[in-house]
Every structure is written in C-alpha cells, then in structure tokens.
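Here chain A shows up in two complexes: once beside chain B, once beside chain C.
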Partner chain A sequence: MADAALTHDRPAPASGRTAWERLRATRGWAGFWFMLPTALILGLFLAYPLLKGIWLSFTNAKIGRAGVFIGLENYEWLWDDDVFWLSVFNTCLYTAIASVVKFGVGLYLALLLNKHIPFKSLVRSIVLIPFVVPTVLSAIAFWWIFDSQFSIISWSLRHLGIIDGNIDFLGRPDMARACVIFANIWRGVPFIAITLLAGLQTVSPSLYEAATIDGASPWQIFYKITLPLLTPIIAVVMTFSVLFTFTDFQLIWAMTRGGPVNATHLMATLSYQRGILSGSLGEGAAIATAMVPFLLAAIGISWFGLQRRAWQSGGDDR
Partner chain B sequence: MRAPSPPAHADPTLSAATVAPAPLTDNSEGMAYLDKLPRRIVTVYLPLLVILAVLLFPFYWMALTAIKPDEQLIDMERYNPFFVVSPTLKHIQKLLFETQYPRWLWNTMYVSVAATALSLFASVLAAYACVRVRYRGASWVGAAIFLAYLVPPSILFIPLATIIQAYGLYDSPLSLILAYPTILIPFSTWLLMGYFKTIPYELEECALMDGASRWQILVKIILPLAFPGLISAGIFSLTLCWNEFIYALTFLSSTQNKTVPIAVVSEFVDGDIYRWGSLMAGALLGSLPLVILYSFFVEYYVSALTGAVKE
Partner chain C sequence: MTVLDRRSLLAGAAATGLAAGGDLLGFARAWAQESAWKPEPGANLSLLRWKRFVPSEDEAFMRLVDAFSKATGVKMTVTNESFDDIQPKASVAANTGQGPDMVWGLYSFPALFPDKCLPMADVAESLGKKYGPWYPSAEAYGKVKGKWIAIPVAFNGGYPNYRISAMKKAGFDKFPTDTAGFLELCRGLKKNNTPAGFALGHATGDGNSWCHWALWSHGGYLVDANEKIIINSPETAKALEYVKALYETFIPGTVSWNDSSNNKAFLSGELYLTNNGISIYAAAKRENPKIAEDMDHALWPIGPVGKPTEFQLAFPILAYTYTKAPNACKAFIAFMMDAANYNPWLEAAQGYLCEPMKNYPKNPVWTMDPKNAVFAEAGARSLAAGGLAPVTEKTAAALADFVVVDMFASYCTGRDDVKGAMRNAERAAQRIFRNA
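Here is the complex of A and B:
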C-alpha cells in the first residue's frame, strides 16, 4: 500500500496522569467513537440476526411463539423432505447454468464494448439499465412476456409458423426453470459486462500490439494476455454473482412463487414460504442456515482468486 | 472536483480502482484501424445490436403495455401487438388516482433516502477511522466489514423479522431504515476507504499543526476532497434500497406502508385479465425515477459498481 510508510507513527505516549485520561488521548478511543454507529447497526441488525438464525434453526419456534431447543430435529425433518432436496437441486441448477451463461455473455459483451465503437459511453450506460431497474419490476415484465395466453413470444413464433398453439412458459416445470434462468441471466449480464470492461480497460494496449507484432493470433492474444490479466477481477465478480444468484429470492417470487409443482423453488423462496407464510420460523431458519456452507465455499473461491492477484502484480502473498 | 491521485502507488490495479470516477473512455484507437468496416459490422456491431435489443425489449414491452388500451391488449389477432394504436393514459391515471400508488412511491423514496443518509454517515466515520485513525486492529475491522458485504439478506430475514417484532418496529418504515444500512454500510465503507486512501497525509498533518481536531479535519478537508466518492456511494445505495424486496416483504404488512416493489407484486396481482395495463404502468412508474437519477450520475454509478468489486 502507498501509505505503508506512514503507519510508523505509533500512538504518541499518552501524557495524562490517570488511566482515563490516557485512554482518551489514544487512537483507540478516537477509533471507538468513529466506529460506534457502524458497529451498532451491523451488530444489532447483521451479526445478532446471523447468530439468532442459527439458534432458531435448532428450535421449534413459530410466529408468535418463542419455541424451545429441539436439537437437530428440523434438519432431520428436512433431510427426509423431498421438496427441500428439490429446492437444493433447483438452486444448484439455477446457479450453475445462470452463472456460466452470465459469465460467457458478460465477457463477450465486455470485449465488444472495449472495441472502438461510436457512442461508447452512451452504449455502456444503456447496457447497465437492466441492472439499475428494480428486479421485481423487470421480473413482472418478464411474467407478462411469458404469459400463457398473451405471450409476445408465443405470438411471434405462431405467426412465423414455428408452433401451432401457445407455449405455457411458466406452467411446465422445465420450461418455467428455463424462463426464470433466462430472466436472471438478463439481469446479471450487465453487471458482469461492465465490471469486466473496467478490468479490460486497465490492460495496456501496447501488450496487444507487441503480441500482434510477434505474430499471435486473436485467440492466442485473448487466451495468453486478456484472460490472465483479467483473472483477479473475474474471481471477485463471479464470487459476487454466484453468491447473489444462489440466494436469489425476488425474481422467483415475482415470476412463479416457486411453482409449478415446486419446480422453481429455490432455497430462499422455500425458506420464506415455510418460515414466514406457514409460520414455522425454526424450519425456515434451518433452510436458510443450510445455505451457509455453499456461501462459505463461494467466499473461499474469492479468497484464492485474490491471492493469485497479489502474486500476479508482484506483491507478497497476504 | 477530483481527489488528487496518490503520490506513488505500488500497485497499479489498486490505483486505478481508487482514483475518483475513473475516466473509463479509451482514447487510443489501438489496432482497430486494422479491421475493415464490413468485418466490423459482422463481428462487433451486429452482436452488440442483438444483445442491446434483448436487454431493452422488456422495457419497450413494459412501456407499450402501460399505454395500450385494454381491447388491444387481449385481442392480438386484430391489432399487431408490437405497436399501439391510439395510446391511452387510462392505466397510469387509474394507478395514480384510484390506488395508493403515490403513497407507495413516497414510502420508497422516504425509506431509501433515510437509509442512505444513515449509512453514509456511519460509513464515512468508519472508513475514515479504518484508513486514517488507524486504531489497533483497524485492518481486521476493515476485513470484517467486507465479509459483512457477503452476508445475503436471504439468510437473515427470518431471525431479523423476530428481532424487528421484539423491538416493536413491525410494519413501520423505521424497520427498513434500520435494516437496509446492513446492506449499504459494508459496501459504502469499502468504497470510501478507497477514496480516503488517495488523499495525501500531508494535508491532514498541516491541519493538525494548525490546531484542527479530528472532526474538523474530517468535515473540512477529507469530505470535500472525497465528494465524488460520497456521491458514488449515495447513488448506488439509493438504487439498492429502491430495489430491496425481501426485507420489505417480510417486515411490512399494511397496504399504506408498502414500498413500490412490494405493492406492485401484492396489490395488483389478481385473476383479472385486464390487470396487465396497470401492472405494467406500476412497474414503469416505479423504475422511471431510478433510471432518470441513474442517467444523471452514470459515471458515479459505474465507479461505485466497479470500485467496490475491484478493491
């Protein structure tokens, strides 16, 4: 870090006589007051709920009833619950397909936007709009686009003579899964494209020129220059993307509410349905807690990505 | 004005991320002159147009539905659904005068602005303390705040609902104003730490010698210099609040307290086949303020988005 040299000024020896005055003169005391609002909010509304969620998952709490400790009963119950396993499968499928496609299309779009095109900044601003608009509102637009009777896609395909009847987009399990995955990709691509574009713009053009003079093909240039230099950013961006796709709630809730026959239930939506709508807080909390191992795995991947970055830019491994 | 760049940066990727709204335009033409126009049309413009069309179509469809008369909406044989004949403002009028939509819009704005202000206040202090006060363990606290960014609302909403209930905040906008900062503070703090690091130490030392207190340094020197960072964090936080769904869905119950995303999903959804017009009008009006705000602050928004990821 640039200001590493400036960290040497250790706290000046406090000159007060009593312990109280010494404490007031130190950096720790100033730091305490500066950190207080953040610590209060994050402590009361983030750390405490996180722990309380784990505790709730070991109780039989219902809405309006505190509940008592019942050990692993909620988890045993979930272990034998087909709907829970279906939701785990759905979540993994949803995350895997959506993340891979989002990454592919996002990287492709970033490479396109990095080319010399007219109205570059305008195009970039337009690309980001799906990410700015509230997810629920665009999900409702997709709900209407995928309507069973008035779908514009059915209408177009019918008039092109490809299909005879309307497609029941959100009424058939596999079709519904494909539709929500498409909507998720649609919303996620701009984020990935714009952040990767920012990474691409830090790659010096002279590297590409040198490689071209050495006779490298476009594919070699991409594979040997662009990709390695982009890896650190890809690691972080994809961690975020996987994290937020895995815990997605609002898109599903607005489009299908987990239907048809639970085919699009993700762990988050199932947790809401069991925990809030049915009132079994304990069971809902157990489903939410079951997501934690996956999230830890995602954070672990990000950590290793960051380590490689420190090594790549010539720094020490932290 | 932009914060002065750091005197000497060891890490080139870091400096690119921390400098105020980075000019993301690339002025050099590079090797683009090697590509001839017909080739560029096939490899660049065509794919770009297809992707843009797919990205924008839902908004066209949303806007079109919002101004289409009902009979054209359900009769797709007589009218071409891709266009509208004799558009109507009926749906929007119904939305504004027969439902509580203005109230919901006001709720959304009120909650977003209050939560953003609260989290900016907290994260300015936290970021300054982590970067410049450098109390013992500051770097660990910085890492912990980043980890907090990775805790998704989906695993917190059930325990948080019981806590909100216990504090007596259920069905009150205050519950959201206090809960949203948990999403915003980690991100804003991280972003502002980047901006604060770019401000030279010497400025603070001068102020200290002139007898300024920590608070005066923060308010009179650091904040004016980090102003672009504040705008970035503020804009991004506002859009995140506007977007938030699961907390609002869980904590609010009465119709007049709802925010736009919740109200649109829960109040308009019934079996009526004529609901689509007002539903789309609701989605359109709920998105427009955000898109307009975004269009004024694109650069700040992008720098918030990329800055938070790059750090």
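Here is the complex of A and C:
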C-alpha cells in the first residue's frame, strides 16, 4: 500500500499525460483554479452587465423589445441634448462639492474622534448614525425639512421674525442643488470620518512623541506625519466616496425627481428616467455608459494622485 | 331550471348590484358557467395592481377576486405597487417574459410593449356590446394600431378643487367655465392671500394632467395625428404665456411639487385652488370637515379651442402573452368589468374612479353627494395621452419624460424664453419620436 501511495504521488513523466491531467496537477495552474470562482462571479455580475449596458447603448432597444444596432445614434442625440449636458454639469458639480466638503469635514471629525474624549466609543457610534439610516428615509426626512410649505427651517425663521414667507428650498435651481448636496454631505461624512479614524489609529504614537520632542508644531505634525501616513487610506476612501457620489440616485429621486426644471437631474437619475420610465433602454444605457469615462477619470485622479510613495516616505514629489 | 335560475340571477344582479350584497359567490358561479372564457384547469393567476388610494375600493376589489377564485377554481395572487413603480415592473416583466400574468397600471403603459400584450379584442367587444360605446379616450388607451391590447378599466378624474368661500371672496359666484375667467379667479385669489397652486414639478399625475389641459385648451399639441412634431407653434406660445400668467398667482414652490404636495397644502389650509382627484375631499371629510364643507370641484374650464381638453388618468389592465392561462385572464377581466361587480366596486371607490363606457348602469356614487358629480365626467371629457396622436410607446415616453411639464416650468421659472422652451420641447420630442 505504501508503495502504491508513493507511486501515486510521484509525478508521471510529462510525455505520458494528457493536457487535462497536466492542467489539473501543475502547480502553476493551481492559482488559476483558485481564481476561477472569483473570476466567474466578477464576470457574471460585473463584466457582463457592464458590457451588456455598453452594447445596449448602441441599439434602439426599448423595454420589452431587443432593438437593433444603430451605431452612435443615441450618443449623437445626447450630444445635442441640453438636458443631458445639464445632468453632466449637475453630476460634476454635485460630486466635486460634496466630495471635497465630505473629505474636509470627515477628516476633521476623524482627528477629533482620535483624541481622548469622554464616552469615546459612544460618540463614535453616534457619528455613524447618518450612514446607517437607509438613504430613502433620510432623503424623505430632508424632503420634509426643505418642503416649500412645511419646512421646519422656514417655520422656525418665520416664528423668529427673520423672514416673512417660506423659503422655496427645492423650487429654485441653485437652492435645490445646495439642498441635495447638503443632504449628500450629511449622509456621506460618517463613512469618511470612521474610515479615516481607522487609518489614524494605525499611526504609531512613537512618531508623534519623537516629533514633539523635536519641537514640531501641531501643523507640522499633521502635515509631515499624519497626512503622509494617512494618504493610502485617503486614496481608497476618496475613490469610494467619489464613486458613490457620482452615481448617487436615491437621494435625488426621493427629494426632487431631478427637478426643478431638471436642475438637480444627475446622470444616474436621467438614465433611469429615460431608460426605465420612458422605456428607451438604449438611450438610458447611453447615458449610463457616458458616466464610465468620468468615473475612470475620477478614480484615476484619486488613486494615482494620492499614491505618491516618495511623499509618504518623507521625500519630495517630482 | 338551473339555467333559468342562473339567468335570472345574472339579470337581477346586473340591474340591482346584488353582487355587492351577500350572494356575490352565487352570482360568480352563475357568471362562470355563462362566461365565454373558460379558465384553464388548475390555473394560477398573479395580478400586479396600483396601490389603493381608498381602502374600501381595495376591500371591494378583493371580495370580487375572492368570488372569482371560488367560482372558477382559479387561484389569484394580488400584489400592489405605488403608481411610480408599476410601469418599471410591468416593463421588466415584458422584457424578461416572467412575472405577473396581468398588470393593472396607469395611462398608456401597455403601449410601451404592445407585442407582449395578450390581444383583448374579444373581451373589449363583448363588454362594448353590453355597456358601450367605449369613450374615445378609453378606446385610445386600450388599442394600439387598431388592435385591443388592454382593457381600460376606469378613469380617475382630476379636477379643480377649490374653497368656496375663497372663490366668492375673489368675486366669483360660480367657478369660471373659460380659461380667461380661470386666470381672473387665480389673480383674485392671490390678491386675497388665498392662493392657487398647480404642480410644475415632476408630478406624474397632477403635473402632466393640468399642463396638458393648458396646452390643449389653447390648441397646442406635441405631435399631430401622424406623429409629426408641432409643439413649436403660435398656439403653444399662447399657452406658455397663459400658464406664466397663472404661475405668477401661485403659492411659492410649485416647481418642486410632486403628486402629494398639493394635497398636503390644501388640507393644511394654505392652498385654496388646485387640481386633484377626489382624494383631497375624501381626506377632508374624514379629518377636516370644515374644509370639506367649504370645498367643491369644478370641470376644467374651456380654452380658446372651445371644447373640453381634459387629460385624465386612465387605468388599463393587460395580460401578458407569456401567461399560461390566457382564458383565465380574460375571464377575470370580463368578470370584474361586469356591471354587477363593477358598480359596487366603483361605488366603494367613492368617486375616485369613473366608468370607461357610456352605458354602464348609473352609479349612486355620482348622485349621493353633489360634490362628486364632476368626477363622473372624466371618461367622457378626457383626451388620451397623445392628444391628437394615437397612444403609442412614444407618447408614453414623452409623458414619462415630462416634456410638456418641463416646457412650461422652464418658461415660468425664467430658465428659457418662449422660443427656447418650445425649441427644447421640440428637440425632446424629435428625440422620442425620431423613427415615427
């Protein structure tokens, strides 16, 4: 039996085996087999829908009908479509302002929460609440807060004698944009704060001690130690934040449906309106596909821009 | 003897609405034996319908479903979705060939996928013979290219809701019947700080209905009968000027309104004239009798074109071609539309819904309260979603894309001038109707 077992384990001469047997046994292929399930899942749930979406954007597919290839026609119509370009502008504005403010406030909050404060764990849990509340619920709450007739803000200001009539929060384009951006910031800050807090806690206290002994100012400590060591996690968290903000849908849909007069339509909401509600799948897919280059650019900026190894090691960037 | 009993039961039920009472099951059994559509043995049907607005309507409907199940042996599952979610779900079901056997939704949704709808000519013609003729708008919602693909079950009338005292204070004894008088009323209301307000946001029901009324009443249309785009016209320009003049009298915030905003504002006593179904009145009767007493409803005023140009919400029901029980679907639809079932159900809807055909037996809901009366007119006075054009997936897309609402809103808010607003709407229509 022992002989038999040894014989079984010993690799047979390559020439005597089929290609399939070699694939099964060769060590180099083991990695392939381990990756295969993940690759299948990614292919099925990520690559296939993405490619299918891109394909749909080149067709005149309607809901319920497959459609035929029409080349770039959907994109040509979008090119001359004011509402589409307004949605691109809105999306970029929404993402840029919300991401920058979320980062600033999130970082500040993380630095505060990293200090020794009473009831630290409780405070950290409370900070997470906006992120935990389902988006639609918080959006509906904001919709009431910013309602043109029943806003608590208008009500309070009227009763304090500061204003005469209600503030038309969601009825004026710029005001409506500000309101939805504010709601997004409120919701997004905890994610950034808690993630950056996790990053801050990996920074060794000995570095701060050494810097303090060397007479470094708090600003120098932040700029020369905290920020460089936090950069990798900032890169990850900002990539996610930009992606989530750029593709936001629920908040806008529950608060404004893209109104007033399309002033808060994002590419995602316009894509849904045209692709699903209007039934023009091809056109909706074209708008969704048009988001991809913007997303790649956003990922590129936050990823490569923040992965500056030399700076993290205390050197200068070139 | 059995036949005689069955027939007399059917005739008696149809005349008196007996089915509403105790022997709905007996009626259903008799009906099932007479029915032209014999459900497939062991059939299971699932129906996706719009979520109720009036609880008693839903209860009456479920009684009807239950009687049908017991009489025919067809198991029925009914699920509800909100107005906005029906169309996407129906579309996905059509696209994938899986899902509910029947969908009961809004406006022209069957026209989004006419090829996936079970032909309904036999049911429509049979019902038409009994209670017809179908109102022209009902026929337009049920047919695509001359073929019946859905059965328009009912209309939901949306009409001006106003406070009587505020109207009188503004100098009007009766609600104005023309657009010029309507504008004067709105101006008077604003002057007295009892403003009007109509949704100019993406409000699927309220926004689309009043904006299309305003456009059509001045002779403007998005497309003509051949789907040629004619929105850029002097008539549209006049409608834009008219709506802008109205908008200047509105309570602030109507550009951001959705379908529920005006209900809340009216019931809270901040809004004195708006457009809505009977739901504001129903809620006021329950919660605020003072407002209920002081409010009434009026027909939409007639514009320069000199005829009614209302745009009312339609509720067509369809069955998919993929259903395994097409006869059961047809039997159910015919059963629910039979006057003996339909009338008690309509009565339970408390005026929220009205008939799609001219000669249904008169329903007491329209006479029990004079304030309900105008809602009975919705089917007869409404144009279909296309205006001049047939109802197709393109007219449905133009509605879903708020082309007309956005045109008015962009001019009223000053985002575009008259020409710009019309040009943008024209451009949107060209995109939607491009292969017409």
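To be clear about the criterion, the second predicted complex is superposed on the first by the 253 of 318 C-alpha atoms of A that agree within 3 Å, B and C clash if a C-alpha of one lies under 4 Å from a C-alpha of the other, contacts with A are read in each partner's own complex, and residues count from 1 in each chain.
One rule holds for everything that comes next: contacts are C-beta pairs under 8 Å (C-beta built on N, C-alpha and C of every residue); 3 or more make two chains touch, one makes a residue touch a chain.
Owing to the predicted nature of the structure, the values given are computational and were not obtained by experimental measurement.
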First, second, both or neither for A:A210, with chain B first and chain C second: neither
Touching partner for A:I194 - first (chain B), second (chain C), both, neither: first
Contacts of A:M291 with chain B and chain C, given as first, second, both or neither: first
Chain B versus chain C as contact partner of A:F32, first or second or both or neither: first
Chain B versus chain C, judged by how many residues of chain A each one touches: B
First, second, both or neither for A:F150, with chain B first and chain C second: both
Touched partner set for A:L227, first chain B, second chain C, both or neither: neither
Touching partner for A:D80 - first (chain B), second (chain C), both, neither: second
First (chain B), second (chain C), both or neither touched by A:R65: second
Contacts of A:N114 with chain B and chain C, given as first, second, both or neither: first
Intersection of chain A interface sets (partners chain B, chain C): 147, 149-150, 276
Residues on chain A engaged by chain C in the complex (per definition of touch): 60, 62-65, 77, 80-83, 147-150, 165-166, 168-173, 176, 256-262, 273-274, 276-280, 283
Residue numbers on chain B that touch chain A, as the complex places them: 6-16, 22, 24-26, 28-32, 40, 44-45, 47-48, 51-52, 54-56, 58-59, 61-62, 65, 73-74, 76, 81-82, 118-119, 121-123, 125-126, 128-129, 133-136, 138, 141, 145, 147-148, 150-163, 178-179, 181-182, 185-186, 189, 197, 201, 214, 239, 242-243, 245-246, 249-250, 260-262, 264-265, 273, 276, 279-280, 282-284, 286-287, 290-291, 294-295, 298, 301-302, 305-306, 309-310
List of chain C residues in touch with chain A within their complex: 84, 87-88, 91-92, 94-95, 112-113, 115-116, 200-202, 251-258, 261, 264-265, 268, 270-271, 393, 396-398, 400-401, 406, 409-410, 413, 415, 424, 427-428, 431-432, 434-435
Sites on chain A touched by chain B in the complex: 1-3, 6-7, 26-28, 30-32, 34-38, 41-42, 44-46, 48-50, 52-53, 55-56, 61, 105, 108-109, 112-117, 120-121, 123-130, 132-138, 140-142, 144-145, 147, 149-150, 152, 155, 186, 189-191, 194-195, 197-199, 201-202, 205, 208-209, 212, 232-233, 236-237, 240, 243-244, 247-250, 253-254, 267-268, 271-272, 275-276, 281, 284-285, 288-289, 291-292, 295, 298-299, 309, 313, 315
